[in-house]
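In the two complexes that follow, chain A is the common piece, with chain B as its partner first and chain C second.
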Partner chain A sequence: MRAAGRLISLELRHNAMPLMLPLIAALFWLTTYRKVMAMPPLWNVRAASLQMNSVIVFVAPLAGAAAWMGSRESRRRVTDTVSITPRARWARLLPTWAATTIWALVAYLGCVAVLYGATARQASWGGPLWWPVAVAAASLPAFTALGFAAGVFAPSRFTAPITAIAAFFILVVSTELIIGSHSYWQITPVVAYAWDLGADPGVATFYPFLPDLPIAQLMFLGGFTVTLLGALALTSEGARALRIAAVGLTVAGLAVAVTAVMLAGTGTMDAHGMIRIPALHDAADDQPVRFTPVCSRTAIPVCLNPAYSSYLAATAATLEPVLEQIAGLPGAPVRILQEAAAYKQDTCQGPGSRVRSGTCSPNGVEINPGSPMSGGSPLVYRLLLPAQLPGPALTTAQMASQTRGDGWDMVRNFIGDGPGASPAQDAVTAAIIMAGKQPGATATFIQNGQDGTDAGRAPGLTTGTPANAAAKRFAALPASARHAWLAGHLAALRVGQITVAQVP
Partner chain B sequence: MPGSLSAMKQAKQANQAMNVEITGLTRRFGSATAVAGVDLRADPGVLGLLGPNGAGKTTLLRMMATAVRPTSGQLKLLGRDPASYAPRREIRRKLGYLPQNPGYYPGFTVAEFVEYFALLKEVPPSQVKTAVANVIDRVGLADRARARLRTLSGGMLRRACIAQAIVNDPELLLLDEPTAGLDPEQRVAFRALLRDLGQRATVVVSTHLVEDVGAACAEVALMDRGRIVFQGTPDELAATADGQSKGDTPLERGYTAALERARA
Partner chain C sequence: MTSTTRLLRLYAVSRRVPFALIAIAACAVALRVMLLGHWDAYGALQLPLVIETAAATATAATAASVFGEPERVTGRWLPYLRLTATLALTAAAIGALATAAATGAHLAGGDLVMARNLAGITGLGLLCAAALGGGLSWTGPTGYLVAGVYALYTVWHGPAITTPWLWPARPPHDLGGLLSAGAVFAAGLAAVTVGGARDRLSNGE
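Then we have the complex of A and B:
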């Protein structure tokens, strides 16, 4: 043991991996750190993105360095000298592989520490997700074993670059072959969430991170590593007991890896956007995460998951003008509560198309609010933040613009506006929105008659119609008069018993 | 002295196993026969293996080093048959080998390189440090122990490689052209080292340089075309020369005479 430790120490000092570290650091900064830090400070999205990007960053230099080390004895023409020592080949090579892997793991964990350290300073709630870190970390021994075996079995000066390129392409091609959530190829360590969804901000915040796929991936990577190392021992001379152990190890590793691939093939995306593998699934993971929402001090409080607390001020400021118009009225919501998104695979017409107040991911996953817009007693309105949907990070203005539409939807829902609504309901809805001094509301509802970005949201409000005139009229009333009228006539308005002419 | 040593060995042969016992050893590479039915026995002492290029010396040494397996014949080293793993491992613990073109890891220091081989040769960890320091001193590289191998001259590299071969204090030491690249002073020192090692171990030295054999070897075996065509003391080899033999020294003349006689 002491000798093995000393050999590893020597190998650590003379390993090719440290030469790769500047390249890895540069690639990590360029392709992972900058990208991840541009994402919202949410542990879920950053952890998933870290896994996906870091594996790709590490694989080529790592496999290349391992292949270089694996081919060292042949390249340096020491094969005869070392092969006549009593230490069996696998026992001689294992410290070299271990040293390469240790360097890789140290480098990777350093990258994780930097990124998670920065996230810890920025994130408002939750903690680091370790499953994605574990999967990416387990991929490193697997790729060093792959590169090392290539170097040992096909030693030449070209083995390292060829292995590096091949490993990179294997990884990239493996993701190209993923179709839907029911794919064996999900076993590739690049996949953190459902591949069609990517590093989605709405996943693993309201519900726990499902370890089903990571468990299968860890099984695969462990089995793959053991198989390759077992193959090294198989081809090495040794005592009968050692050879039997090597056969056992190789077969066991292979069996575990194949089982893991089969398990990954049974995975499906669940309603929370994560891959569920029935054989590995723990029902306890389906329970929502408990949290105390952070709420605004507005007439109707806007309450968000604490992970999204950085969005609270902007969201509340956007919704407050319309919410204060209805606050205190009979049947008005007591609060606006952020809700979890619900995910469905293969239901979208096309990328980016809207579904209710949700949307479709670039790869066609439908993302909707997980429950009806309003419900409960006392009444609560539910809100899906734009930040929960896939897409580029939004500016405050962009987010406010998208949230404003949700505010309008809430007013419509409150007044009973919608398909088949009366002109009076349309007029009152438009008036409340105008009175809320929502930027653009006057222009879109009154001047042009329609919201160009969301046609159909205010049917009947075209210029010159009685409803349009009624809306202008009602909006011009003092807030207290508008509020008093609504308090007395809301029930009748909702059931369509108020005409446009009766709107003051 | 070589003669009396040889007589003692012959007496010993009847009673106990020798360090090297080779009978009918053959090695073929495809259709080419590198070693053809060699018989050889050796006990502690320095045995010089002479022969022209392509005589099969290196292949014979590689078989004795357990680096390649014989095609046929019997090989017994240190009283064990290396055909099966357990005895082969035991032999390797007590074996030192310097190939003709020894490779090395240029980034390693002399001390690290020798330590690496000490660990591979399963020198007890508690003895590694001392063993490494001792052999580096014995080959005259004590002042360069911390120098990286890439910075050493050819002769120094050779000595570093000799150090790795003897770091486990071998009972059987196989050296293929060990003096190639050494300057005269180093060669003299190396011959002294060989004689010292030969006190306790069986040292087989393959070389082209007959003066090395004359100076350091108690016995000599001459190989040609895969066979041993002469085995005896350097004096006996020198005695095979006649008036028409070519060479500058008696040993060289004996060498050419023995070869011509074998080829006749």
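Then we have the complex of A and C:
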């Protein structure tokens, strides 16, 4: 044991990996750190991106360095010299592979520490996700085993570059082959989320991170590594017992890897946007995460998941003008509560198309609010933040612009406006939104479905119509007069018993 | 066989030039096969970049000498042989990939982008050969491949990285990208021509 430790320590000092560290650090900074730090400080999004990007950063330098180390005996023409040592070839080679892997793991853990350290300072809720870290870490021994085996079996000056580029190529192309959530290619360690959905900030916040796919990936990577190391022992000279053990190791590794691939093929995207593998699934992971929402001090409190607390001020400021208009009226919500999104695959007509009250991701995943817009007693209005949907990180201004539409929807829902509503309902809805001094909120503008509103939700309020005039008239009233009139006439307005002429 | 031809042949064999030519031909075949598929916007630029890098590393790998230091005292032709072999292999790589793309396939970015990328990355490999040794000439190109693929990704998923030093992400006729790639190729070629790869005898194959 002491000899093995000394051998590894020697190999650590004479390894090609330290040469790779500046390159890996530069690539990590360029492709991972800058990108991840520009993302919202949500553990789920950053962990997934860390896994994907760090695997891509490490694969080529690592496979190449391992191939270089694997071909060392041949390169230095000492194969015959060392073959007369009392140790079996496999026992000689293993410390070289182990040293290469140790260097890689140290470099990777350094990267994780930097990134997770920065995220810990920024994130408002939750904690580090370790499954994505584990998958990327497990991919490193697999890459070194692949490169090392290539270097041992085919030593040449071309082996290291060919191995490095081929490993990178396979990794990149494998993601192009993923179609749907049943794909066997999801086993590739680059995949950190449902591939068709992409890195969605709404996933793994309201519900726990599902470890099903990471478990299958760890099985695959472990099996793959053992198979390659076993194959090294198979081709080495040594005692019969060692060869038998090598056969057992290779077969076991191969069986585990193949099983993992088959398991990945049984995956489906669940309603929470994560890959569920029935054979590996723990039902306890389907329970929502308990949290105490953070709420604004508006007339009607706006309450968000604490992970999104950085969006609270902007969301509350955007909704506050309309909330002040309806607060205290009969049927008004007592609070606005952020909710989880519900995901469904293979139902969209095309990217960006609208489905029910939700939307479609670029790869055709349907995303809807997880529950009806309003409900419960006392009444709660449920809100799906734009920041919960896939896409580039939103600025505060972009968030506010997109949330404004939710405020308008809230008023429509409150008045009972929508297809089939009376002109008076259209007029009062438009008036409340205008009175809330929402940017761009003119009666025509709102009702024609522009600027974030959904065309066709409340048609008929065009310039010059009595409804338009009523809307302007009602919006011009003092807030207290509007409030008093609504308190007395809201029930009749909702059932269509108020005419445009009756709107003050 | 004249002595010059013999010298060229022996030099080529000692640098594994025939194997490099086979690797370049394999890259051309791989590019042609790859172009049979329909790749999305940046995939159509990223995948050829992988092939171009492979061809460039094959060229740069020939800088390694199996003889190391002793070879340097053998005569005055060595720099010319290095220059000729490197230029010939780079030209062969560009020609092979252009031929592969010309046989009824569409290469995103065109031949100019391919030649620019390949020459620049070859230069990077040659610089690594001069600095680290011929056996490690692949380190720069493979690292640059990751950066280049990412830079192409950022063109579609901003903010885009626009430095001309990451020329794979620059448009075909971008002067900055062409100059950067050209400068790196010239520097690499000069370094290897004058000083050869930084090889030790113990690192030969």
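To be clear about the criterion, the second predicted complex is superposed on the first by the 487 of 504 C-alpha atoms of A that agree within 3 Å, B and C clash if a C-alpha of one lies under 4 Å from a C-alpha of the other, contacts with A are read in each partner's own complex, and residues count from 1 in each chain.
The working rule: a contact is a pair of C-beta atoms (placed from the backbone, for glycine too) under 8 Å apart; a residue touches a chain by one contact, two chains touch by 3 or more.
This is a predicted model, so every value here is computed, not measured.
Trainee: Consider chain A as the common anchor and indicate whether chain B and chain C clash or fit when overlaid.
Mentor: Aligned through their shared chain, the two binders fit side by side on chain A.
Trainee: In the overlaid three-chain picture, which partner chain does A:329 touch, first (chain B) or second (chain C), both, or neither?
Mentor: neither
Trainee: A:76 contacts which: chain B (first), chain C (second), both, neither?
Mentor: The answer is both, since A:76 touches chain B and chain C.
Trainee: Identify the partner contact of A:176: answer first if only chain B is touched, second if only chain C is, both if each is, neither if none is.
Mentor: In the superposed model, A:176 contacts chain C only, not chain B.
Trainee: For A:39, decide between first (touching chain B), second (touching chain C), both and neither.
Mentor: Neither partner.
Trainee: Give one of first, second, both or neither to describe whether A:477 is in contact with chain B, with chain C, with both, or with none.
Mentor: So A:477 meets neither chain B nor chain C here.
Trainee: In degrees, to the nearest 10, note the angle that opens at the C-alpha centre of chain A toward the centres of chain B and chain C.
Mentor: Roughly 40 degrees separate the directions to chain B and chain C.
Trainee: Of the two partner chains, chain B (first) and chain C (second), which one does A:234 touch, if any: first, second, both, or neither?
Mentor: neither
Trainee: According to the stated criteria, A:165 is in contact with first (chain B), second (chain C), both, or neither; which is it?
Mentor: second
Trainee: Using the touch criterion from the header, give the chain among chain B and chain C with more contacted residues in chain A.
Mentor: If we count touched residues of chain A for both partners, the winner is C.
Trainee: Looking at A:13 after the superposition, I want to know if it touches chain B, chain C, both of them or none. Which is it: first, second, both, neither?
Mentor: The first partner, chain B, only.
Trainee: After overlaying the two complexes, what is the shortest C-alpha distance between chain B and chain C, in Å?
Mentor: 6
Trainee: Determine where on chain A the residues touched by chain B overlap those touched by chain C, and list them.
Mentor: Of chain A, residues 76-77 contact chain B in one complex and chain C in the other.
Trainee: Which bits of chain A are touching chain B when the two form their complex?
Mentor: 2-3, 6-7, 10, 13-14, 72-73, 76-87, 92, 237-240
Trainee: Hey, which residues of chain A end up touching chain C in the complex?
Mentor: Listed in rising order, the residues of chain A that touch chain C are 16, 19-20, 23, 26-27, 30-31, 56-57, 60-61, 64, 68, 71, 74-77, 155-158, 160-162, 164-165, 168-169, 172-173, 176, 392.
Trainee: Could you pull out which chain B residues touch chain A in their complex?
Mentor: 62, 65-67, 85-86, 88-90, 92-93, 95, 97-99, 101-108, 112, 115-117, 119-122, 125, 128, 161, 164
Trainee: What residues on chain C touch chain A, complex-wise?
Mentor: Interface residues on chain C, with respect to chain A: 16, 19-20, 23, 39, 43, 46-47, 50, 53-54, 57-58, 61, 64, 132, 134-143, 145-147, 149-150, 157-158, 161, 202-205.
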